[in-house]
Amino acid sequence: MAYRDEKLDEEKVFKDPVHRYIHVRDRVIWDLIGAREFQRLRRIKQLGTTYLTFHGAEHSRFNHSLGVYEIVRRIIENFREEPFWNDDERLLCLCAALLHDLGHGPFSHSFEKVFDLDHEDFTRKIILGDTQINAILKRVDPQFPQNVADVIHKTYFNKLVVSLISSQIDADRMDYLQRDAYFTGVSYGHFDMERILRVMRPKEDQMVIKESGMHAVEDYIMSRYQMYWQVYFHPVTRSAEVILSKILHRAKELYFANDFQFKLKPRHFESFFEQEVSLDDYLKLDENVVFYYFHIWQEEDDEILADLCRRFVDRDLFKYIEFDPADQYQQLIELKESFIQAGVDPTYYLEVDSSSDLPYDFYRPGEEEERLPIHLQLPSGELKELSRQSEIVESISGKKRTDHKLYFAKDLIDQLPDNDVSKQRIYDILKG
Amino acid sequence: MAYRDEKLDEEKVFKDPVHRYIHVRDRVIWDLIGAREFQRLRRIKQLGTTYLTFHGAEHSRFNHSLGVYEIVRRIIENFREEPFWNDDERLLCLCAALLHDLGHGPFSHSFEKVFDLDHEDFTRKIILGDTQINAILKRVDPQFPQNVADVIHKTYFNKLVVSLISSQIDADRMDYLQRDAYFTGVSYGHFDMERILRVMRPKEDQMVIKESGMHAVEDYIMSRYQMYWQVYFHPVTRSAEVILSKILHRAKELYFANDFQFKLKPRHFESFFEQEVSLDDYLKLDENVVFYYFHIWQEEDDEILADLCRRFVDRDLFKYIEFDPADQYQQLIELKESFIQAGVDPTYYLEVDSSSDLPYDFYRPGEEEERLPIHLQLPSGELKELSRQSEIVESISGKKRTDHKLYFAKDLIDQLPDNDVSKQRIYDILKG
Amino acid sequence: MAYRDEKLDEEKVFKDPVHRYIHVRDRVIWDLIGAREFQRLRRIKQLGTTYLTFHGAEHSRFNHSLGVYEIVRRIIENFREEPFWNDDERLLCLCAALLHDLGHGPFSHSFEKVFDLDHEDFTRKIILGDTQINAILKRVDPQFPQNVADVIHKTYFNKLVVSLISSQIDADRMDYLQRDAYFTGVSYGHFDMERILRVMRPKEDQMVIKESGMHAVEDYIMSRYQMYWQVYFHPVTRSAEVILSKILHRAKELYFANDFQFKLKPRHFESFFEQEVSLDDYLKLDENVVFYYFHIWQEEDDEILADLCRRFVDRDLFKYIEFDPADQYQQLIELKESFIQAGVDPTYYLEVDSSSDLPYDFYRPGEEEERLPIHLQLPSGELKELSRQSEIVESISGKKRTDHKLYFAKDLIDQLPDNDVSKQRIYDILKG
Amino acid sequence: MAYRDEKLDEEKVFKDPVHRYIHVRDRVIWDLIGAREFQRLRRIKQLGTTYLTFHGAEHSRFNHSLGVYEIVRRIIENFREEPFWNDDERLLCLCAALLHDLGHGPFSHSFEKVFDLDHEDFTRKIILGDTQINAILKRVDPQFPQNVADVIHKTYFNKLVVSLISSQIDADRMDYLQRDAYFTGVSYGHFDMERILRVMRPKEDQMVIKESGMHAVEDYIMSRYQMYWQVYFHPVTRSAEVILSKILHRAKELYFANDFQFKLKPRHFESFFEQEVSLDDYLKLDENVVFYYFHIWQEEDDEILADLCRRFVDRDLFKYIEFDPADQYQQLIELKESFIQAGVDPTYYLEVDSSSDLPYDFYRPGEEEERLPIHLQLPSGELKELSRQSEIVESISGKKRTDHKLYFAKDLIDQLPDNDVSKQRIYDILKG
């Protein structure tokens, strides 16, 4: 029997807290899950630093990848008697679903910003490069790895297949909303996925939604909205990300400095600093490795690096206040000056960070590309874009909302003597 | 105001998936949670290698420690109008609950067995030693750290206080059963904790249960029983533990060997190998550090160490079959011989592992001490031990059940040529 | 001890699927629950005819009344250390919460419309009249029944007390949304009540919400919105209500007709027909009685009454189509004419029904009074009306949305011969 | 297309709180659900008087019947690619599942005992008699009604089909345990049905369970055990049943008495009293009708009938104490004498009631027949009866446990003057 058609003797199941069971029948899927590049996802948290805000959010990208696979499996199962895709497309969908996040590294968002990387590039490289994953996919068909990469990259010719993984209401989003809600424990993030799966209809190059399912989709959009503001953009999480970025910047600066000797050299980071990250380097850098360095660097001679690492490890984060850099440009300059006078380096201890959100057609950190809008199919067969039918969605659609905050090491300022002039000035500015 | 009585300006809450919210009002508790030795628990998984079987089980001991605190807080809240303990005992209970697992290290069970350690010793050392935790507790009262340690060590004079943390139906067990069920996603592990908390009655030196709550307690006992056999003793988890232990043994052997040069020296393990683990050494060794070594050691020159590390990192585990070493002693000897002949070192690639369970008064890995039985209080006021009143509990009480398995590197045998004599012999023995 | 202060020897609990347990400690509350007028609520469904659409929705108003009581109990418990209300207000709140729906009759909405009744009048009459409820309340204080009635009627001087029971985010709504979601099984209706209760702050004459709780309140508003459109205004439910109203109209018409002899005289309905409903008459008419009549009336000689009763009992409902009586006035007239020509009485077999909804400050069927808007309390102490702070709420606030449908006995038309002219004309009109 | 093969144009779904959705695709099933004899099940509570103990338990047998259908549908769906049953057996299974409880009347348990009826007889009569149900089934095939009746009656030749509906682990039990737990709100009753459905294997004349699923089945057995003792045999529920039985006895006695004139004649009960219940009589007597009589009979001239009806309607139940009629035979005689002396008729105000339970192979009220034991299939293919493999099940298997209670109208005794001799004697006996 061709490898692509091989079935396991008996279906395997993974117990999953979100979807109850994840079912695997295809040998190819089973092999992919066992591949080392896929197992590596166990060592990368799904939500980066969010566990420092919501202690339950310690789940890995491995979890989420299985979940996306399972949702796509169920969608295909629902349509198993439909003629519109053949068996090859089926396996392609499943593989793309399983592997879509393969290129994520530790704390992707911060690493991507600091080192100008794109995790999607690495997803492609893992699929097409000299990896266990690639070897498995090639056994299906020499062209198969490229097809999987194309689906994930949204360039595959069959847009219906693409839309299962990447659209405004795709398996990716449906899994992470539910999963992140489950592990954080928040009461948002619940919607009736079973209903949504049942009202999906394939229509040329996308999945559309029967109009009778509009309210379930509204609920999904609202969940997304709430999860963004309550979980994904939580200021405590962002505070941890600020520190993380500062560590990376500081280590890079010291690496290029002539006069600094690391006790523990940043070997795993060097190619990142040098902007020449090979696939092998990339795969070696998982969260444990990052944490190991931060752990050891607490004892480096550079006070700033040691202090920032201690802050991250001990969760001694920066405080924050509302701060709009556009309106408060002058204050920001003065703050920086006062920090310098107070002997606190503003480059590392002061940061303005903004998060923004387009609630309906918004992007997710690291997913800046446009996504297909959601279309409802009216009983007449006509398609209508969701926000034109739903007042709730219309109300939150396309309105960019930005939340600016100033993060700073309040403890360093607090410990100055009360008669310190710069301390007084800093608090005067902060109080507005 | 005395530090012990200080309240936060506003109650703080942690969102918790199991108990919904964890409430903190006491300044002392807030400070303890922020202490670095407590934050360290975020870097130690609650269930060790279980996440390799149940992918959701990635939660940390930090999670569980907050949960135990919360349950004790609710018990005390229920009895807030009762005269039987004063405010000092209240804070003592809360601190002991929060800190009871403080001394756990990475993969405690395996480390304790291989290096002959006891995590409870380290809990005591952290509480009494030169730590942030100790400094906070001492601010309450110079005697307070010792009291907290005594409660956790079960030597505190007030046994009622002890029983909240350590008995057959204590806050520790009630939290971990529910929490481990939640994160693994299994359907066991549910019982009506709210009811149990309501039928608890303080009685001299222990909490007893009103007879009308017997069925809720039966349900709790059955949950425990199911969780042990379905989750805690799962053979795949044990297979990962076998490999973990083998890595530690191999690294120790190489460390003491004269002729081996590590590429990455086991500095963080040295004091473990030398059996002279200081508190500082212990605290430095979290799971990230262990993983870092295993990660790097995949490239050591010693083939066995490198291979075992790769297995652990890539989750390429040993297979297992039922095997009773008492009945099958001869076969075991022959198997080892055949492994040697086949060129596969049985010391590292063959292991018999047993788990046992006393379903009612059983011990948990690493918790060998006896625990107080559960007593029901009849309407007459008389106390009766649970298993004398409940047929179900009686039926599973005290019966030791052992499950023996042989774990081995089946792949190494499989790759031998089919005409290899030792291969044939090994399979003959395994087939019985 | 004064009756008002009497506590039960031991707290009683009711197992409740929504709030887990309902706790009763006050003798007065216990006695009220046992009163016959309160037990009567077991015989009146919370959602009227909704069980014909959502088969799980068979729960009674007894259920809901206990739930509202429990929520108010928890709110008061949260504020037990606050000085702003004394112990008397506490009992008053609890009684008003428990009794607020006491005057509901069977299928209130339809009965109120057909017979021009107001269930709130009957709530007041039960509380103030010669009933077991009144006797219990009077034992507290001769003025107490009036106070309870005033709270429910929203005329009580302390508006804070009133707002617990009747505001845009009161215990009544919080219970019914969750309860109706639970019993129907829909995935809407969930919000984080525990969080909302924690961010409530008493402020002069109302409960306000700390701004940090805004998202939880948004979630509650969205739940309400979804429940209205998905459950409360479901067209199948309305179709059953149309038939119910038609039965009541027909029975009344026959009662006043000189020439009709009921086999089962509508004795329990007579005072309703005569518009002279005494409290005693009202209390006697529960859902079982109504159903009994409809059951028996299936065999009355009047074909219309018998047929309508059979439809209701066997759930053989009218079909519906979208139909706007303002735009389609002419068609409606023609439809009625064609029905007459076809020998089908349009008075009983054709009806236009509209539901409307003001999603945020909307009214609920039978609750036309205005309700206080929700106010957020900003950190500065300033109050701000919710829709001015929340874009989502703003978007759905105050927009009246109406849904018009035409209900008709399609089967009676279908069974006409295909060449019947009126049949053809009816279908021409319906197809638009 | 043959009626048996007709599919609905589009699958219909019912929102179900327990199984989320109930899916209907077959025209036959759709028609059966719409039949008046099936709709009648909406007017009969699943758990009789249990709602007087657990207020949430107001759900009807209509609910449960849909649930059993859905479980059988899923089992068949799981095996859709297996050759062991043809399409006709499929429809037969679904119909039998849907209709298995069709013959239940109001408060079946009490009615069956008092009037010596068997609801299964009526199920058969409805299926085979002149009913809408029968007409639908006959359209499938003239033999089909008989087949459906045979499956329900367990006489159908294909025992595998029978075992889906009637065995120790059938769809009936799996639905009612979960459903009754859901509506009562108790925390028992949960087990992993999805897992059980997956480990079921057809084996000749029964469904057997793969050994790896044993723990899920243990959990199911324990749920059943807990539900029996916590819910089904709850003494408050039994107290309501005692009163209900007494009402029926009293009404019958008065009916046969020469000198009593009912204000409301028991027309609907006459054929029950006369032991000549026709199918038509039986179908007319739903719970609303029973309640209507009890409601009106509160005003009958017979004090006992009026009082008992008032007790039932107002939930003014008998109190109870432990009482073993075998050991306390003499006391019972004396109690009865004292009641007579006190002027309280012991025939109606004193009752000993026993419930018994065989936890594993026990019967359910009204289901006395033996049921097939559960068999595990070992990896070798060998079958083993569950209790021989599971210690927990073995421990509770076959042990009859009986719970005797004495129910009596304590209020009637209490209101006697304290110096009344019989009052004193009664309390002496009761105190033992």
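The first chain written gets the first letter, and so on, giving A, B, C and D; residue counts start at 1 in each chain.
Please note the rule applied: a contact is a pair of C-beta atoms (placed from the backbone, for glycine too) under 8 Å apart; a residue touches a chain by one contact, two chains touch by 3 or more.
Worth saying up front: this structure is predicted, and the values here are computed from it rather than measured.
Visitor: Tell me which of C-D and A-C has more C-beta pairs in contact.
Guide: Counting C-beta pairs in contact, C-D comes out ahead.
Visitor: Which chain is most remote from chain C in terms of Cα centres?
Guide: If we average the C-alpha coordinates per chain, B ends up farthest from chain C.
Visitor: Just give me the whole-number Å value for how far the CA centre of chain C lies from that of chain D.
Guide: Chain C and chain D have C-alpha centres separated by 31 Å.
Visitor: When the C-alpha atoms of chain A and chain D are each averaged to a single point, how far apart are the two points in Å?
Guide: 52
Visitor: Roughly how many whole angstrom separate the Cα centroids of chain A and chain C?
Guide: Computed from C-alpha means, the inter-chain centre distance equals 45 Å.
Visitor: For chain B, what residues touch not just one other chain but two or more?
Guide: Chain B, residues with two or more chain partners: 20, 186, 195.
Visitor: Quick check on the complex: what are the chain D residues that touch chain B?
Guide: For this pair, the touching residues of chain D are 186-188, 190-192, 195, 215-216, 218-219, 222, 225-226, 229-230, 391-392, 394-396, 399, 401.
Visitor: Where on chain B is chain C touching in the complex?
Guide: 13, 20-21, 194-195, 198
Visitor: So in the complex, which bits of chain A are touching chain B?
Guide: 14-18, 20, 34, 36, 39, 42-43, 51, 54-56, 58-60, 62-63, 66, 182-186, 284, 286-289, 291-292, 295, 313-316
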